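Right after this note come the structures.
Shared between the two complexes below is subunit A, which has subunit B as its partner in the first and subunit C in the second.
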Partner chain A sequence: MKNLKRILCLALCLMLTLACLPAMAAGSVKIGVLVADATGAEALAFRAYYEKYIAKAYDVEFIYSEELKTADGEKDAIDNFIVNNCKAVISFSSVDRPAQIEQCETAGIYYAVATGTLTDEEYEDFKNYEHYVGAIGPSLNTEFQVGYNMAAYYIDQGMTKFGMFGGAVPYRTDMHIYRAAGMLCAMVDKGGEGAAYQGVNKPDDIIGMIYGTGTIETGKIGNLELLAYVGGYDFDDAWFGKLAQMAGTEGIEAILTVGSGVDVLGSFVAGSSVKLATVDSFTPAMGEAMNSGIIDYVAGKFATSIGPIFIATLNAVNGQPIRNEEGCALALDQGYWVATNAEQFAQYYAVDSSEENPAYSKDILDAYAPAGVSYEDFAAFVAQYSFEEITALKK
Partner chain B sequence: MGKQTWKERIPAFASILGLMVLIAAYYIVGAIRDANVAYGLKAIVNQSVVVALVATGAVFIYTLGSFDISLGAATGVSALLGAMAYNATGNLLVMFLVCVGVAVVLGFINSSLASIFNLPIFVTTVAMMSVLSAFMLILIGWNGAGDTIKVKARDVRPLDNIPFKVAILAAYIALCWFVFTLLPTGREAKFTGGNPVCARLSGINEKKLGIIASLISAVGIGLGAFVTIIYAPTLTKDTASSIGMDVIIAIVFGGMPVSGGPRSRILSAVVGAFSMGFMTQIMSMLNLGSGYGQMIKAAIFLLVVFIALGSQRGKLLTR
Partner chain C sequence: MKKPSLIKSLLLSLLIPCAVLLVLEIIALAKGVRLFANTDSWKLFFRAVANVTLTTFALSVNLDSGRFDFSLGAVAMLSATIAGTLSQQWNMGPWLTLAVAVCVAAGLGLIHGGIYVLTRIPPIIVSLGMALFYEGCAFAFTGGKGVSLVTRMDIIGFSQIGNYILVTAVAVMLVVLLLDYTRFGANYRALVSGQKIAVETGIHEVGNALGCYVVSGALMGVVGFIGMANTGSQQMALNFGSIGIMFTAFLPMFIGGWIGRYINKRIGIMLGAVSMALISLAYARFDTASSVQSIISALLLVLFLIYLNNEFAILSKFRKKQGAKA
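Take a look at the complex of A and B:
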């Protein structure tokens, strides 16, 4: 028994020593990364791009936070980055962005928002902060348009009966509400004369109504019909029962989801004629779902979309922040890639996931690394986010 | 009852020794990694103080051999209602009183239900956890401002400093230590936790003790909720959700048996909470990634608890 205890203690010491070894061989510039999701396929794809490509291509070390769900968790994580002498923070976590920006400004480290944007009011508050690099990601208008385009895609094919999964709409999550509102607005616009959702037909009114109720009402929208709706992420038997019921609703032609479509509905629509559409990301699991016919339409974030915000952050760390003529920080919109068949998805994914030559490779990013890169040039570069445009840049 | 050998004494101080080793490791790793060690100490206090407050109060419940799984949800509800009260009145004192008041009411409901239905407190807290988690969602919906309830950061910033938080923690520890050590309530709680049958036969009112323990614990929850708001004034449905588990870990890490009884100590919660804070900082400095870091934390946790509880194995009448 005594020997066993000694072996256990020795093993513990060995673990700690081994743990120190990779830490010794760190890159010269440390960048903290705040993440709200540490295990999802999309989060892992983002992380792989930074750690397997960017960290090797540039002399940087990324320090990741734990999975963050609360504002105090975000604050703790930034404190940990400051302790680790990180020069910048790239944030994928959005519980309290203003607090994150304030904390980094006070500490004198650079801060950037990845795959998201600030509200107009927030941008006005922080655009002149010395250490606020900016934000590159889908704005709420883009989220609205993603939902709109998804619904329009099926309505234009002649479909009239839909189901909808609202994800975090009951929790009043902005991007899910805007995507859902976009879907409803497409139905209003294309539902014929007098079409309206619950008596309203303007985007702002529909958005306000969803914020107020935290749900989507089923019913006719002109000559279109929303037959079923499920929201939330309860993950209990009753919730799965509702999802199964929606997938099996008679006459339903397509189910539009604001996110997580394959995870929550994939098994229920598999083998049926119901088309499933979702906003998600370009991951292996999504590729399999496309190949097997479970999913029909993906508007997805691509892993390398976080390349431009990295190079903007590195520029700032190197003393060459990209600012507009008034000296304001970046506020740039970046949309999704949309795949509507397996071949298209495979083509996009192959480029996006490459560890040797990803979509935003070092060659492309380096063009925006030197001092003196103008805001306008950088904005034009970010605006070329479609697969075809990035592929053209590589040539 | 002969004189104790040094081998017998080590377990009694294992948790404090563990904390000292972690502090030493923190400085060593900090030096190797060229970390900002001074800033890290401030971060450790910020990250540990809420757990220390809630865990210190929870020691009373754990001493009885009971268990409260709703600590996190109760802290969350108290914080949400405190924030809503502040937004309605603009008065920090009102926010403070609502945080503590709500927590006390919830603690009273928990313990009263346990008394009325003659159930262990643990059972009522399981039900209460579900109710409170749902209530948090309802409160956020009522508030009608997206998926958060916010207090303006600049309004609470003057209180968001280490001396103020340490003062709150010190005052609460002093209060708990006084009740636990100098008043009969503490001795009765230890007796009940160690041997409930003997305690009952000796005339100790277990239900009354349960209510007192819940109320004292509730004050810690209310203070924890208040400090949570001043530290990070944007609250969500997940606010304080990890506190329940953190409190259990802190109490065990601090050298107190979760089964309660005579070996219960008020300071266990503080020692455990700060040990966790140092350990988290060390793992962060090593940049191990959450998976590997969690495994090492678990191994250290097991080692410290193994040594701390070493002297009790095989003994009768200790829990």
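Take a look at the complex of A and C:
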């Protein structure tokens, strides 16, 4: 019995030691990552860049949260990061950003927003917080513009009849509403004299109308026509039926989607002459869809676009945060890469998916790691987000 | 109780689907919409019939014996993920991919059943664990990317009305045959009626439970494949994101139970699924918001349960009124 107890104690000690080994071997700086989506192509690409490239290139370890859907979930995840001795949190989750920032400030750990921005009011509230690093991502104006450019691309080709997939518009998700509003505004601007959406023609009015109704109304917009609209992510038989109906609507020339275009509509437009455009990411599946002509236009957040917010966060952890002259946190806009043919897509994907030499490689990021990097220099660096500009930076 | 005549049984069996169709056609007429407007409408209808029928069979085969199963959606997802990935790698055609999905799903059902009979943990708990486990397996298997077959026209091309009818007909025939005309089915029905007595008469409940899990799994393999062929992709779900599918099966299961008084219960379930498919079609044709859909579906379920629980009282009152009028 005594021997058995000794063996059990030894086994327990051994297990504890083994459990500690990975933590001891891991990077010296731990960064928690809050995610609202753990399975989307875009989310997986972001994660791969951090875990397969950044974690190896820098002395850091990333701890990921579960897929978060509630403010309570976000709070629990940050508590977990604090217990795990994380020095910073990079957030892809936006259920309750103010609460996240307050919690990190109270705990004394740095907090940064990836692939998004705060509203102007929120920025005013938190810009002076010591532990708020800032936000780098597409602003709502950029989201509006990405939708506008997509619709304009087809209208300029002479197309007049459209379908639209609104994604999370019914759930009042800001970025999807702004993208949809951008599409409608392009139709209003290019729809000829007197063109209006439901009687209004100013962007703010259109945005307000979508927030109010949570849907997009079909109908004529000048000499253009929105023939069909589907929103939401119900994934039930009725919803798939609505999507199939939209793809099969007589006369429809292009379907503009605020996101997930290939996943939800790919099979319904395959083999037809309907053009499909989406806001998504640069993945192999998307490349295949582009090669086979299923998708025609992709505006994508490139996976490495989260490199600058990482280096800004690491700088803060190392005691050299990047602040402007008034000492305020970062608030920088970052846009999309747009591919309109298979060759362009392949070119973007090759650079974006590289694990050895990604778009924002260590060499590029290191230029902004030393102490004393000015806000202006960093802002100028982030503003050079187009594929051509980043490729030039690498040279 | 006097057994109704064959004609009366048939008419009563068709009462609910016909009443649903009538009500929906009236609404469609009022809205100026045609319920079955084109091929897409028929396709939606038959796909919904196939999905709901098979899911309801898969749910009821265990639930009738008190085994609640939350893992149905996860089994469909994991089997479709594995079959879809193999289809990509080996360029398998749709029927072979379907066969692989069914075999994998049956295996997953066997594992689930095996864990239940070995551990004797309450089935609802085991099913929750298995749902999480299978969701995690699917995620790990694809690195979270899921499966994309949008460029595979042969797989997408499976989504045809004829194939949906064929799959549903074969599944209904096999389930009827298995549960109503085999020894396994006789044992199953005996266990459903009274497990203690059935076991005392020598029926092997462990083997029967395992068989039920295998059947349930195989059916969900078909559902998983139909979903994947319809969209050309299999998305991943974590943290019980896959369990929603089982809730589509409750109303047709109860409707099937009611129709089962007049006709074979399995046919009753299919007719319940037809009613649900008509409602799904109406949601799509009337462009009903998802929040409204949820409210209507929940109301229908609650109202039907209220009727079932108070059927005797309701019918007595109705008969009294009829008698008073006479």
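What to note about this one:
In this section, the second predicted complex is superposed on the first by the 371 of 395 C-alpha atoms of A that agree within 3 Å, B and C clash if a C-alpha of one lies under 4 Å from a C-alpha of the other, contacts with A are read in each partner's own complex, and residues count from 1 in each chain.
One rule holds in what follows: a residue touches a chain if its C-beta (ideal position, glycine included) is under 8 Å from a C-beta of that chain, and two chains touch if they have at least 3 such contacts.
All figures in this text were calculated on a predicted structure; none of them were measured in a lab.
Comparing subunit B with subunit C, the partner in contact with more residues of subunit A is B. Of the two partner chains, subunit B is the only one touched by A:N85; subunit C is not.
Shared-chain residue A:G248: touches subunit C; no touch with subunit B. By the touch criterion stated above, A:D237 is placed in contact with subunit C alone, subunit B being left untouched.
When the two structures are aligned on the shared chain, A:A41 is found in touch with subunit C, with no touch to subunit B. In the superposition on chain A, contact of A:Q384 is made with neither subunit B nor subunit C.
Residue contacts after overlaying the shared chain place A:D174 against subunit B, while subunit C stays out of touching range.
In the superposed pair of complexes, A:E67 makes contact with subunit B and with subunit C alike.
In the overlay built on the shared chain, the residue A:A289 is in contact with subunit C alone; subunit B does not reach it. Judged by the touch definition given at the top, the superposed model places A:V264 against subunit C, while subunit B stays out of reach. In the superposition on the C-alpha atoms of chain A, the part of subunit A touched by subunit B in one complex and by subunit C in the other spans residues 38, 66-67, 170. Of all the residues in subunit A, the ones that touch subunit B in their complex are 8-9, 12, 15-16, 19-20, 22-24, 26, 38, 61, 63-64, 66-67, 69-72, 74-76, 79-80, 82-85, 95-96, 98-99, 102, 168, 170-174, 211-212, 214. For subunit A in complex with subunit C, the residues that touch the partner chain are 38-39, 41, 44, 66-67, 170, 215, 232, 234-242, 244-245, 248, 262-264, 266-267, 270-271, 283, 285, 288-289, 291-292, 294.
Listed in rising order, the residues of subunit C touching subunit A in the complex are 38-41, 43-44, 47-48, 51-52, 139, 143-146, 148, 150-151, 153, 156, 159, 229-233, 235-239, 244, 248, 277, 280-281, 283-285, 287-291, 293.
Here subunit B touches subunit A in the complex through residues 29-30, 32-37, 39-40, 42-43, 46-47, 50, 137, 140-141, 144, 146-148, 150, 153, 228, 231-241, 280-281, 284-290, 292, 295-296, 299-300, 303, going by the rule given at the top.
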